[in-house]
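Once you scroll down, you'll see the structures, which are given as structure tokens.
Here come two complexes built around chain A, the first alongside chain B, the second alongside chain C.
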Partner chain A sequence: MSQDEAPVALDIEQLSVVFDTPDGPLSAVNDFALEIRRGECVGVVGESGAGKSQSFLAVMGLLAANARVSGQARLGTEPLIGRSIAELNQFRGVKLSMIFQDPMTSLTPHMTVGEQIAESIIHHLKISADAARARALALLEQVQVTDAPRRLDQYPHELSGGMRQRVMIAIALACDPEVLIADEPTTALDVTIQAQILALLAKLKRERGMAMALITHDLGVVAGIADRVAVMYAGRVVELGTVHEVLKAPKHPYTAALLASMPRIDDTGTGPLPAIGGQPPNPRRLPPGCAFGPRCERVDETCRAARPALTGHERRVACHHPLERP
Partner chain B sequence: MLSYALRRIAGVIPTLFIIITLSFFVIRIAPGGPFDDEQTLPPEIKANLEAAYGLDKPLLEQYGRYLAGLVQGDFGPSFKFKDFSVTELIAQGLPVSLMLGLSAVLLALLVGIPLGTLAALRQNSPTDYGIMSVAVLGIALPGFVTGPLFALVFGLHLRWFPVAGWEAGELRYLVLPVVTLALPVIAYIARLTRGSLLEVLRTNHVRTARAKGLPERRVILKHALRPALLPVVSYLGPATAFVITGSLVVETVFGLPGSGRYLVQGAINRDYTLVMGMIVVYGSLTLTLNLIADLLYGWLDPRVRYD
Partner chain C sequence: MTDPLLELRDLRVWFPIGDGLFRAKRNLRAVDGIDLRVAPGEALGIVGESGCGKSTLARAILRLVRTSGGQVVWLGKPIEGWSTSRVRPLRRDMQIVFQDPLASLDPRMTVGEIVAEPLRVHARDLSRAERRERVIDILARVGLPADVVNRYPHEFSGGQCQRIGIARAMVLRPKLLVCDEPVSALDVSIQAQIVNLLQDLKRDFGMTILFVSHNLAVVRRLCDRVLVLYLGKPMELASTDLLYSQPRHPYTQGLLAAVPVPDPDLQPQRLGGALGGELPSPMAPPSGCVFRTRCAHAVAACAAAAPRLQSVETGHEVACDRWREISASGAVA
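And then the complex of A and B:
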């Protein structure tokens, strides 16, 4: 695969995020590690609360004030963790961009769409307001916003959710980033719009050769556009591999359960989807062994005693009793 | 925006009408009349006086005449200051009161917002604690305490400003009264601004602005401050009411010839026309400031223009 030869655009190692809360520390991300190469899209999947968003907010330097971060993240060769806001601002919005989970609230209500797109172009690329506006218009057209010239002067509340998410994408792409983090870019939208936005992201990634992290809890989305997939559980990566391998032959019982709970287009049965049994783990009281243990059918003493390490090279899994190929 | 403004302006007139009507009848229902305490007055003379001022007519007719006068800008004669019309009395006192009140509101905004912003940006630092402790004091201390205190310290002791009194055109006479009047409002606005800015700084759109790599200064001034000021703008209406009542005290403490005393004296004397005149003027003032607040709100948050 040519992607293996492409240089690493974003390299995350041993990233941990702990929140100080009134009820004591809450560890949201533990030893998160992932590399994303140029032109590659890595899907990051997991249940709600698995730590997907916080991992990448940490990379962006956008965590809440009560967060403590440790570990490494490098944009190319530039370290990101522990840098000052002023230093991070040399990368954020230019080389490293993020699209957020909630398009309804992620735009500034009192600024027009045009201003919000042009703003970072003017700031980072030091071009005139007119040139930035022209570029904003071109971006809006590129993300397939209908009636783009008129949209420039509209406020976010005049746009539908799908349109707002396209505007968010336009903002993220404004300065041609090397790395794009898309945090559930389609969850808030209806199914047809979802498909359009995903197709758009896939196209933009191809055309621009960006590295992309696509955060989602929907394996179907990953199947559509990602090259590789990282499965997160309780703040850790528990399985990593190419989309093809992981979806076809999951090794971690949690991945298998996720897949089983996924609706399939070719599914003719009308019975209920098998939900994953048990409760998602409480990040304040993780068991000493495997965090998925309490919900796992294959659990035994080893699993309860020791947490499995993430092993393997290209294809990795953190499980004492991984599933064999069917 | 224009239609929003017009709608708001049109809304003011019925409100003012209701205020006038309610006040008119409430004042008349209150026991006593303008000529009651002049005990030596023989009944015939009292009846003559009442006839002269139209007080013998049915209440509804009096109300009708009053409205007719108002429309022409005539507040009627004062019952107690017999040589003056209410319009003349108000014209004497109002400029001083207006200057006092508006300067206090303006000062409160100009000082309160930056202080609150600073406290929010330095959250939980000594600066923040300092500003907020002073603010608590400012809100807790009433004008009849701070006023004499300021007069004592800055007037008598340090001799920076006159202790009391008024000379037309001499702004230094206004400094201590304005500061006294503005202090609680400054404190309140600083607290409002701080709290609301801290909240806005945690919202998603501010996170987007930060993700763009904009300098923190721009994030705050351009993306966060405007929505954070919405509660401050909403407070402008109550603040005006507060400043109007506060000015009654402050004008007395500093011996300013404002119009506040007419409201108090008018009410004590049952000087119907004078009290009504003051209510109309202060009512219109409060409504106007509320209107300005509404328009500002519409400017700060484009979403409300389309309700």
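And then the complex of A and C:
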């Protein structure tokens, strides 16, 4: 079965997130829409403040108390937005799991690795402590933790950053989730360990047929394991397509400029990088029209006057003057 | 090579670690035997994984940490054992830019005061007006308007704070600028701006740069030569061209292969070739070659003796006894 025919595992529509702050409302995510099919990995790319994490924290029901969420998110047929914590807990950690950037602060320091993995298994699957421990061991082996039997009784501080992230992944996988959200899972790791963790995530996705959202600021990270890519800027998706379409033939000037400005390990050039001028916009003072306009080489009056809508079906772009490739 | 600006001879930085009240102190060898000559005007990259000793090495050169052995030679003079007051005038010529742009700026000082502070310490004869002129001049050079002098660091973005940090380091026109992961905390679109700025400053002021970074792509763009460190020891030292096109050390090859490229035709295969294992504990480094526990080419002899840097060709040294048998694979064009 090709991915196009695979059932939609996570369907997000018109999702918006607004934070109430002492300085007034702050709009973090606008009209976010994405569907992720079984067995598919979608990379969600953007810089700090682009709204990529907030979108998925909203889906998980994990936003700060001052957040207001509107729109829809469905796990299979189950709606997620607006559900109570008790209702969400039937899905979270079971069918819908998330791993975070910092594997140290995401683990409980006073519980052993085995206890933390087993906790979720016992709670959700109602099996015995012994059975849960056996399953925890099997999970550690699946995520390629070395010396797994000994690790069960170790505490997080005894593990390296890479090992902690593997433990986080084991916890997320404990109840066989349908959807895994990985929020910058390798950003805190060394480049060699990053490659190992990404290879592991790619393998798990393949073997388990999970749907995966991979949130990252690094276009190189998505190139290795994503099937499709959504590029976000200033709280909105500005481009969506297959990983080949977006990275090899970007249509949005922001995506193209970001790709061009990244120094590449396989680039022998020594001259100045084609940097993007200016700063990402302050969400409180978004320019009228296109948010990328002030930094864009193709900007004109149309762009300053009206914000471009995200158009297209499978291949989408939000730009009045998208790049055309032969 | 012309007379070096800076020379390191068997430099060592060992940190004594107390295991407990009754156990003997042991040493963590953060930097363990580095020999290096840095020419004036050169940009030298220092790369490796976290814990390889690259920041400690940079700080030891600036005497921000105490060295345990070997020598730092500055303009032909060994400065080991010099008192703080004797070293202070040298600091005028050696400045540093830190990783975290906001945390490295005093939040209670205005940008003008921050950038003027090195002048107040090292150029005390300047009048107030001259000082102000120098500050505004260097701010303009790093791309900041004069009116920022009365504002505070929290009013600026990460990229702008890093420009302020660079202005503070550059205001004395140092001979050596040490950059410790200067773009790691910045957004992707801002990194390129700062890399370009450092390139411009190097060209315009003929400054020598020590660029400490885990980002091998940025190092390729900016540096003339690269030193690869692993557990405090040198693995490979080569011109940038040779290091990236013909990496000789298996560790260098593994590091380069691990760097993702934003190309879906190349990257999935690259992931398959990632270096396995993790950095061993620096408290108990492997005998012989410290890299051998992760090396696909290791043989019994590698456990016996630590290889020293040996010359492959002019401008290319590698600390591996088996380099002749290992192809220069892992090259990245």
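By our rule, the second predicted complex is superposed on the first by the 318 of 326 C-alpha atoms of A that agree within 3 Å, B and C clash if a C-alpha of one lies under 4 Å from a C-alpha of the other, contacts with A are read in each partner's own complex, and residues count from 1 in each chain.
Going forward, contacts are C-beta pairs under 8 Å (C-beta built on N, C-alpha and C of every residue); 3 or more make two chains touch, one makes a residue touch a chain.
All values derive from a computational prediction rather than experimental measurement.
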Task: Partner chain in contact with A:Leu247 - chain B first, chain C second, else both or neither - done: second
TODO: Give the label of whichever partner, chain B or chain C, reaches more residues of chain A.
DONE: C
Open item on the list: After the superposition on A, what does A:Glu314 contact: first (chain B), second (chain C), both or neither?
Closed with: neither
TODO: Considering only the touch criterion stated at the top, classify A:Asp176 as touching first (chain B), second (chain C), both, or neither.
DONE: neither
TODO: Would you check which partner chain A:Ala195 touches, where first means chain B only, second means chain C only, and both and neither mean what they say?
DONE: second
TODO: Have a look at where A:Asp153 lands relative to chain B and chain C in the superposition and call it first, second, both or neither.
DONE: neither
Open item on the list: Looking at A:Gly220 after the superposition, I want to know if it touches chain B, chain C, both of them or none. Which is it: first, second, both, neither?
Closed with: second
TODO: Identify the partner contact of A:Val94: answer first if only chain B is touched, second if only chain C is, both if each is, neither if none is.
DONE: first
Task: Common ground on chain A, meaning residues reached by chain C in one complex and by chain B in the other - done: none
Task: Touching residues (chain side chain B, partner chain A) in the complex - done: 202-205, 207-216, 218, 222-223, 226-227, 300-303, 306
- [ ] Name, in rising order, each residue of chain A that touches chain C in their complex.
- [x] 47-48, 160-163, 190-196, 198-199, 202, 217-226, 243-244, 247-248, 257-259, 261-270, 272-277, 279-280, 295
Open item on the list: For the complex, give me every residue of chain A touching chain B.
Closed with: 60, 62, 64, 85-86, 88-94, 97-98, 100, 102, 105-111, 119-120, 123-124, 155, 157, 168, 171-172, 174
Open item on the list: Taking the touch rule as given, give the residues of chain C at its contact with chain A in the complex, in rising order.
Closed with: 49-50, 157, 159-160, 187-193, 195-196, 199-200, 214-218, 220-221, 241, 244-245, 254-268, 270-272, 274-276, 278-279, 332-333
